[in-house]
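In the two complexes that follow, chain A is the common piece, with chain B as its partner first and chain C second.
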Partner chain A sequence: MNSIERNLNELNKIQNLQQRSHWMNDLHPMGKLLLGVVYILTVVSFGKYELVPIIMMAVYPIFGFIVGELSFREGIYRMRLILPLILFVGILNPFFDRDVVLRIGNLSVTGGMLSMLTLMLKGFFSVLSAYILIATTSIDDICYALRTIHIPKVIVIVIMLIYRYFGVMGNEADRISTAYRLRAPRQNGINYKAWGTLVGQWLLRSMDRANIVYESMLLRGFKGDFFVHKKGVRKTDIIYVAFWLLLFAAIAFGRRFM
Partner chain B sequence: MHMADALVTPAVAGTMYVLSTGAAAVSVKKVREENDPKKIPVMGVMGAFVFATQMLNFTIPGTGSSGHLCGGMMLSAMLGPFAGFLTMIGVLLVQCLLFADGGLLALGCNIWNMAFYGCFIGSLLIWKPIMKKGASRGKIIAASVIGCILTLQLGAFSVTLETLLSGVTELPFSVFVATMQPIHLAIGLVEGLITAAVLVFVHEARPELLWGIGSDSLEKVNEGKLSYKKTIIALAVAALICGGGISLAASAFPDGLEWSMEKVAGTSELEAEGSAYETAANIQDTTALLPDYAFKNSESVAGTSFSGIVGSLVVVAVAVGACYAFRFFKKKA
Partner chain C sequence: MHTGVHGELLKIEHLSFSYEKGQEVLTDINLVAHDGESIGIIGSNGIGKSTLMKLLVGLYPDYNGVLEVAGHTVDKKNLSHVREHIGYVFQDSESQLFLSTVEDDVAFGPQNYGLSKEEVERRVSEALAKVHIEHLRKFQTYKLSGGEKKLSAIATILSMEPDIIIMDEPSIALDPRNRKNLIKILREISSLKLITSHDLDFIMDTCERTILLDDGRIIFDGPTSEIMHDEKLLTDHGLELPLRFSGV
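Right after this comes the complex of A and B.
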């Protein structure tokens, strides 16, 4: 499977998760977005040696994955894109910071080892929490939440259009790539002689498609904004968000006693 | 070059969000002033196009590896800096949510590092001045390559600064810069050449689609004075010379700040003595949101923390059990 097929598969899986019937999917998108952001903010605000509160913060992704019936494997797999930079940044910490900060029996744990571990955990937890958000909230709902917090409509509409057309463009990229590979079997990627013509033709077709999209939007009554159903806030939404916010606050402020 | 949430502190992420929001506010205002409703679908489809194109692999001649298209430069050459910037924001947000490429908290950093430099610097300071008197094949190649190299260098430098300011790495500034900059020099060169090839094609087929090119360029479509191959070779040689020079300078002078401090003060570490410094330090200790890392060199705290670690692991194990129980009873209900 090439990278395009892999990405399209991942997109399909996420869309299936967003469309399933689960109580976490029905929660208000604003609350889930707020929780996701506050969670990441709390996790990254811990110091580089503060391993204990970071481990405690695992309760949110654990809840999200077990109760939300999400695959841990998929969550770990999503680390692949940001892992190289995190590894590069953290892998040398044990060599530069050699002060022993903890002894477990005969084992000496240096500051660098601890800071590398906390960095990895922070990266891991933030990716998992973003996955919980996107697996239970559709992009339309996230855009609704963005409109609620007054993000300009031009940005929100562009996000919706990018998401909608990414699937179409991705399939087109897959077809182009397959057709090219069939005609150039032993080649790793597109030859430099075809860089301009191949992608350029596709670009021109895409620009023409954008005009057709605009015309169809006008025909369907587009007047510069999308119509969205207002979502009411239920008691469950408030309880869910309040519970987690209180728990994050308790871990953040209670870390001095850990 | 996408920053991850783990690499930034809330203070750095917040600052970058403020800067990116400022640039976005200006862009929204400019796009609204243009009052061209047709542009919004073009922005959406172009964003999806750039997103999808980045999944295509382009063979780099003479090597076994492959490169990708430079999104920021491409979008600003087609849509202009403001619409291009807003489109890049959309691309980065969708990338971060769907594929975990980047992070929600680091989004402000990523918008700045990739969209701001790619669209504003690349378009207003490089593309526009070069295309002022009309476009030609040579000019498009030069603008694309210089634009991609410069914007990627600026982006990589910002990644270094943001990570170091967040204090998550023990890497010295010189090592970090000396690693990041040459890698992104090579990436910038390749991305620039791919972007140039596509833009040259667009210029030859439909020049009116390119942003910011002089009116007389339509007549000069077939008058490329500089050949494609010669320009690529000249730019590649120039980039290699620059890259080599920068790397040598980076290793010869490990830390510019320390080096200049040593020249001025005779030491690279400044001593601060006096009641004013002590008072300031006390105020800082009291008001700091994130206190000093008391963990270090503190045996008693380290001992407590070991039990803390064990305790937290127990909490996590209990949480796992509780979550399974919650799921079981929720399904039964």
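Right after this comes the complex of A and C.
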């Protein structure tokens, strides 16, 4: 399996997760989106030395992965492109901020080390919460939630179409790269001389296919808005969201006493 | 949507079309088709079959002549009405299916026309039943086989209950069993069907009337049984006898 196929497979696996029958998937998308956004805002709002409340915020992703029956290993694997960036963000802090803020036995913990750790955790937890949202909510539901909070229709449609065309472009890239590899068996990867032509072909073919998709939508009455199943808000949705919001608020306000 | 329109559903008079000025792809096409007919459109590659089909659904609105679908002139201001009466099954089923599950894709058309939830549900169930893929209802579209994709694509059109169904090379890439299944299903569909194909055996099995196109013009319009035995006419226009008559 080549890397494009692998990535398409990953996309399909995420779709499988979104379609599974699990109570977390059935929660109202609006609530899940709200929780995701509030969680990220809360986490990033903590100060650079506020390690304890940030660690306490780990309860949400831990709950999401365990109760949501999501594989932590696969989650980390799927986030592998973003995680190094997050880890890199605060890596220089220990060199600039050398004031000792804490001693653990003989070990002096500097402000830079602490801020590096909090920055990394903030990024890490934000990514994990976004993963929980993506893994338990389909793109249709996310877009429905966005429309509910009055995000302009045009933006939501663009998000939806990008998601649809992503698969189309991925499939074309896979076909082109497979055709190339089969006729260049001794080459490792694609020769740089062929890149221009292949990328050009890829874009043209993707445009053609995207056009067919669009025509198919037009011919079935598409007028610039996707239909979404309206979901009623249940007691469970309210209790779930209220519980987490209260907990986030408690951690956020409780940090003054830590 | 199926309006129960009987009689003349499609009227084409002196239709001409060109992508670029001075290079006509279709010239003086005249055609009338009625409810319940099944018409095969044959011809060699690049003679304008797909262009003609796309003109009918208003994808190319700049043409010369008369083009009417279920009494509506095909022009920009009428596109919505026209497309309520006519469904198009693309050659590439994979591109036609763009939603997550078969059910969502089949419901897409009726939902866009603002039908009630109950009516959408009824149409989805009926469309899936017509092509015998009720069991695929909750399946994700990317997981389907080629044959299943084709049947799902047909279901997406049937759910709109169109008066006219256009199919572009429906038998392409189907294995013998799926092909046979598709023939059976097409025979059961009562709408006016326009089927373009190079598979003349398939046309013989599904269409009682055939139109031969060459060089952008209608060369023959008559009974399928007649043209399929006319080796000279077929070979003169870049085709061959159906396999069942060719002795291969």
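Methods note: the second predicted complex is superposed on the first by the 229 of 258 C-alpha atoms of A that agree within 3 Å, B and C clash if a C-alpha of one lies under 4 Å from a C-alpha of the other, contacts with A are read in each partner's own complex, and residues count from 1 in each chain.
The rule is short, and it goes like this: contacts are C-beta pairs under 8 Å (C-beta built on N, C-alpha and C of every residue); 3 or more make two chains touch, one makes a residue touch a chain.
Values in this document were obtained by computation on a predicted structure and should not be read as measured data.
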item: Which of chain B and chain C A:227 touches, first, second, both or neither; value: second
item: Which of chain B and chain C A:209 touches, first, second, both or neither; value: both
item: First, second, both or neither for A:19, with chain B first and chain C second; value: second
item: Partner chain(s) touched by A:168 [first = chain B, second = chain C, both, neither]; value: both
item: Partner chain(s) touched by A:140 [first = chain B, second = chain C, both, neither]; value: second
item: Which partner, chain B or chain C, touches more chain A residues; value: B
item: Touching partner for A:217 - first (chain B), second (chain C), both, neither; value: both
item: First (chain B), second (chain C), both or neither touched by A:48; value: first
item: Contacts on chain A seen with chain B and repeated with chain C across the two complexes; value: 139, 164, 168, 209, 213, 217
item: For the chain A and chain C complex, residues of the former touching the latter; value: 12, 15-16, 18-19, 138-140, 164, 167-168, 171, 209, 212-213, 215-223, 227
item: Touch list for chain B against partner chain A, complex; value: 1-10, 13, 24, 28, 31-32, 37-38, 40-49, 51-53, 55-61, 64-66, 69, 78, 86-87, 89-91, 93-94, 96-105, 159, 163, 167-172, 175, 179, 193-194, 197-198, 200-202, 205-206, 209, 289-291, 293, 295-298, 302, 304-306, 308-309, 311-313, 315-316, 319-320, 323-324, 326-327, 330
item: In the complex, chain C residues that touch chain A; value: 57, 59, 80, 83-84, 86-88, 90, 92, 94-96, 98-101, 104, 107-109, 111-113, 140, 142-143, 156-157, 160
item: In the complex with chain B, residue positions of chain A that touch it; value: 3-4, 7, 10-11, 14, 23, 36-37, 40-41, 43-45, 47-53, 55-56, 58-59, 62-63, 66-67, 69, 78-79, 81-82, 85-86, 88-90, 92-93, 95-97, 99, 101-104, 111-112, 114-115, 119-120, 122-124, 126-127, 130-131, 133-134, 139, 142, 152, 154-155, 157-166, 168-170, 172-173, 176-177, 187-192, 195-197, 199-204, 206-207, 209-211, 213-214, 217, 224, 258
